[in-house]
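Working notes, structure below.
Chains here go by letter, A, B and C, matching the order in which they are written, and residues are numbered from 1 within each.
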Amino acid sequence: MNNIAPVPPAQGFADATTPLVKNCWYIAGLASEITRAPRARRILGVDVALYRTLAGAPVAVRNRCPHRSFPLAKGRLEGDELVCLYHGMRFAPSGQCTKMPALPLAPASAAVRSFPVAERGPLVWIWPGNPDHADEDLIPDTSWLSDPLWASVTGQFHMRADYVSMHENLLDQTHFPFLHPGTVGTPDFVRSTLDVREENGMVIIDRSLPNSPPPGIYAMPMDMAGQPVNRFSEARFASPAMHVAFARLTDIDRPGETKREWRFNITHLITPETNNSLHYWWFCSRNTRLEDKAVDRFMYEGSNQAYTEDVEALQWITETILQDETPQLDLNFAPDKPGLLMRRRLRYLADLEAGLLG
Amino acid sequence: MNNIAPVPPAQGFADATTPLVKNCWYIAGLASEITRAPRARRILGVDVALYRTLAGAPVAVRNRCPHRSFPLAKGRLEGDELVCLYHGMRFAPSGQCTKMPALPLAPASAAVRSFPVAERGPLVWIWPGNPDHADEDLIPDTSWLSDPLWASVTGQFHMRADYVSMHENLLDQTHFPFLHPGTVGTPDFVRSTLDVREENGMVIIDRSLPNSPPPGIYAMPMDMAGQPVNRFSEARFASPAMHVAFARLTDIDRPGETKREWRFNITHLITPETNNSLHYWWFCSRNTRLEDKAVDRFMYEGSNQAYTEDVEALQWITETILQDETPQLDLNFAPDKPGLLMRRRLRYLADLEAGLLG
Amino acid sequence: MNNIAPVPPAQGFADATTPLVKNCWYIAGLASEITRAPRARRILGVDVALYRTLAGAPVAVRNRCPHRSFPLAKGRLEGDELVCLYHGMRFAPSGQCTKMPALPLAPASAAVRSFPVAERGPLVWIWPGNPDHADEDLIPDTSWLSDPLWASVTGQFHMRADYVSMHENLLDQTHFPFLHPGTVGTPDFVRSTLDVREENGMVIIDRSLPNSPPPGIYAMPMDMAGQPVNRFSEARFASPAMHVAFARLTDIDRPGETKREWRFNITHLITPETNNSLHYWWFCSRNTRLEDKAVDRFMYEGSNQAYTEDVEALQWITETILQDETPQLDLNFAPDKPGLLMRRRLRYLADLEAGLLG
């Protein structure tokens, strides 16, 4: 293992300037955020108006009337239709114009762009790319977020950072003891066995750490502070929109006793707003002590502290890069491999969408 | 009448990116704003210093000393001359330098640009274009603003919007019932007979609506709420700097009674600050109940509400357009004809100034 | 002497857009600002992290980790080494990486840029250019700032202005009576004999004003208000980083009495942050009434008032230039000669660094 991996050719790896990957399911918002009161959110550079039909189905259309560019989310709903506040032009959930009050008949060819959306548990997904490719089977699994055998705490951030650095931060576990000494960072973990692989466009990291005390954030819900357990974890760059970490902790062999197992799933959902800003939601889910409010509070506080540290760090980096007059080609080291695989994947997808491949 | 007018070729119509028309009288400010204390205002991209001579004549010079670019409006007046605060350089109302204290003689060739100005009632007009063409006969008529047979209320806004959209909003009466349901928008009005014509570079809309109750804003001063009247209105794009609406309301035929007439003139004055921001003054004038403070208050409040709605709408549109990464070519419909005629006129004038025509 | 000097060819004289001169000692900060708590300051467009070793030596390194662009000043010190908060990468004062926790050995070729620094009395100097040319003999003399026979008051500003205009303001004494009527501006001074010369890359102005009362700021510490003295002053553009003024005042001939002498040194230290912003420190030093707090207070207040007037003036000019859509080529007059010599010198140095000369 060399200390310094060869500096990758810049053109093969995504960075903050690479066009955003559009053909992907991203989070439009929490299900609870999308209501009968239209709201606007900028998603991959496009301002989107979000609302629900009377039957409760989420709808996403471009937040810009095709007539005079008025933001439709400032308007109101009539049944399932969004009415522009400026001239009363109306749009069905499909985006089709159904009425233009100043005209005797609705203009048949007028429409606002409508985006494919899909609701899964607490999440509403949106497909900002070519709608012909919006296959709902491509929505990543987050079933634990609505499974009664699991309990979750959650939070969200609006960040000035790029999604490439964000995914790299999530794939990079070597920063835990430095940036998060109080929560997820245990020195042992950094030195644990690491396996990195690519699978179906995902980058997956497996770690196994036998006979070691759990980190603080897990030790409390497990009630195992300071006691050794076996620890298995998988972190995966699931898609440009999602990173998920699965932690499984088990008792070390205890003669004559049943071996217990604790599981924690950490779901990170990332929707670029622009190349340098993003919407971020996290869920920290557990399969133990589901009803215990003290555990909820503890896990929320620990998670929120660690993710706030990440958010601040990434924002500082963004600011550093954007205001620096002298560009820097960052150095890469062997432990950066997961991030580099992810950067290569994002670059491949971006090039594919730009028609640069084959 | 087709529902959708053909999308006009973009090159023939002005939009927010078209160079501003400079050879035109614009409002520099209210007469009351221009005093012996120099003030700065940015007009068509140029910072201008405004003040009055001892005799009361308004003066406008570029707000940038030709020596070291110091803003002259930060300086002070000596008689009719503006003295730069930095090195004491002095300028006559003509812009000619009359003194440079560090030199034995004033440098004969030094001058700051001076702009033609003209005062008319409560308004001071400025000509930002070629001064050789600054013919005062071109100043639009606003005589009712200083006529003792009329009374006015007034207000002003600094807006983040382009003057093309602003003029279009003023020529467009189909938005009244949607954006202004509480004040000027009556459903009948939208469906009234409409005549659009061009005349001497103006775009003029005539409407006639017999036997219909007046809108709220006029009904109160007329004391005719809910009672039918005949209503004639003319709205005109008078110049790049001004839109004016003349409303005339008369009694319907009442056997044996004199037919009364009420008139309202609404004056909109628009001075672009930049391509995407503007100074806006409005006056709402009436020829009835001149001394009645309750009418003043009512008409100010109704006007202010309606124009605040317009200002907000136009600012939302500006923000939508400026932050959207994907441009949109707005759709045009038959009722957009007045706005399109105005856009064509502004484009013609801009092309003329750019030397693009013949 | 002509009233208007020929307008200089723009290419031979520096202005706000000219590349900043890097091969020069600039102030990194006051000695008291640089401590064991790392701090960041942007110097000539580069973000720099500043701290002290355990032995007290000042250190300046680029504030951007070479691994993932994290700002190093957010990190902490371990002994003399700066530790990145993100992955724990460590750097010696030389910039050499000494440890990367995720690697078994420190990567030998990894380093952050380190800048030559030197401490002189209350000042820490930095060399942002080619370190091979960072000769400490080039640091300008400021020995009076740490000489027990002198006393100083000091202040600092962060300004939105360019260093060319700042130096011109300091070389330009014709603005004193207009911008600083209450403090340094006496009408006599403007008309005093003036000698301008270039010497070793410096621009030096000598003035001599016999038999005239001292300006307010000196009269009080001298206790000579309204009494005539002989006054000699030298103002020099010492380097792109420094302007210094030496004032010497003596009694006029008084038969039978010893001739007294008072001296005041005014030190202006200018570090561009970017082309349009700068860090500015001033010191007003005297060789009289060293322990008198009332003199300290008086000189601080007078200086602070005058320099605040300069800072505001230069910021107004910057704003005027940056927001004006129509560029202006400023006029030059004979008294602008010192500033023009300085502009020519800065331009020469910038061209030299750009490899444009010979």
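We take it that a contact is a pair of C-beta atoms (placed from the backbone, for glycine too) under 8 Å apart; a residue touches a chain by one contact, two chains touch by 3 or more.
Keep in mind that what you see is a predicted model, and the values were worked out from it rather than measured.
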{"item": "Interface sides of subunit A and subunit C: same vs different residues, half threshold", "value": "different"}
{"item": "Rotation angle (°) superposing Cα atoms of subunit B on subunit C, nearest 5", "value": "120"}
{"item": "Distance between the centres, which are taken as Cα means, of subunit C and subunit A, whole angstrom", "value": "48"}
{"item": "For subunit C, residues that touch 2 or more chains besides their own", "value": "none"}
{"item": "Subunit C to subunit A touching residues, read off their complex", "value": "42, 45-47, 63-64, 66-71, 74, 83-88, 100-110, 274"}
{"item": "Interface residues, subunit B side, partner subunit A - complex", "value": "3-4, 165, 168, 172, 174-175, 177-179, 190, 313, 316-317, 319-321, 323-326, 328, 330-335"}
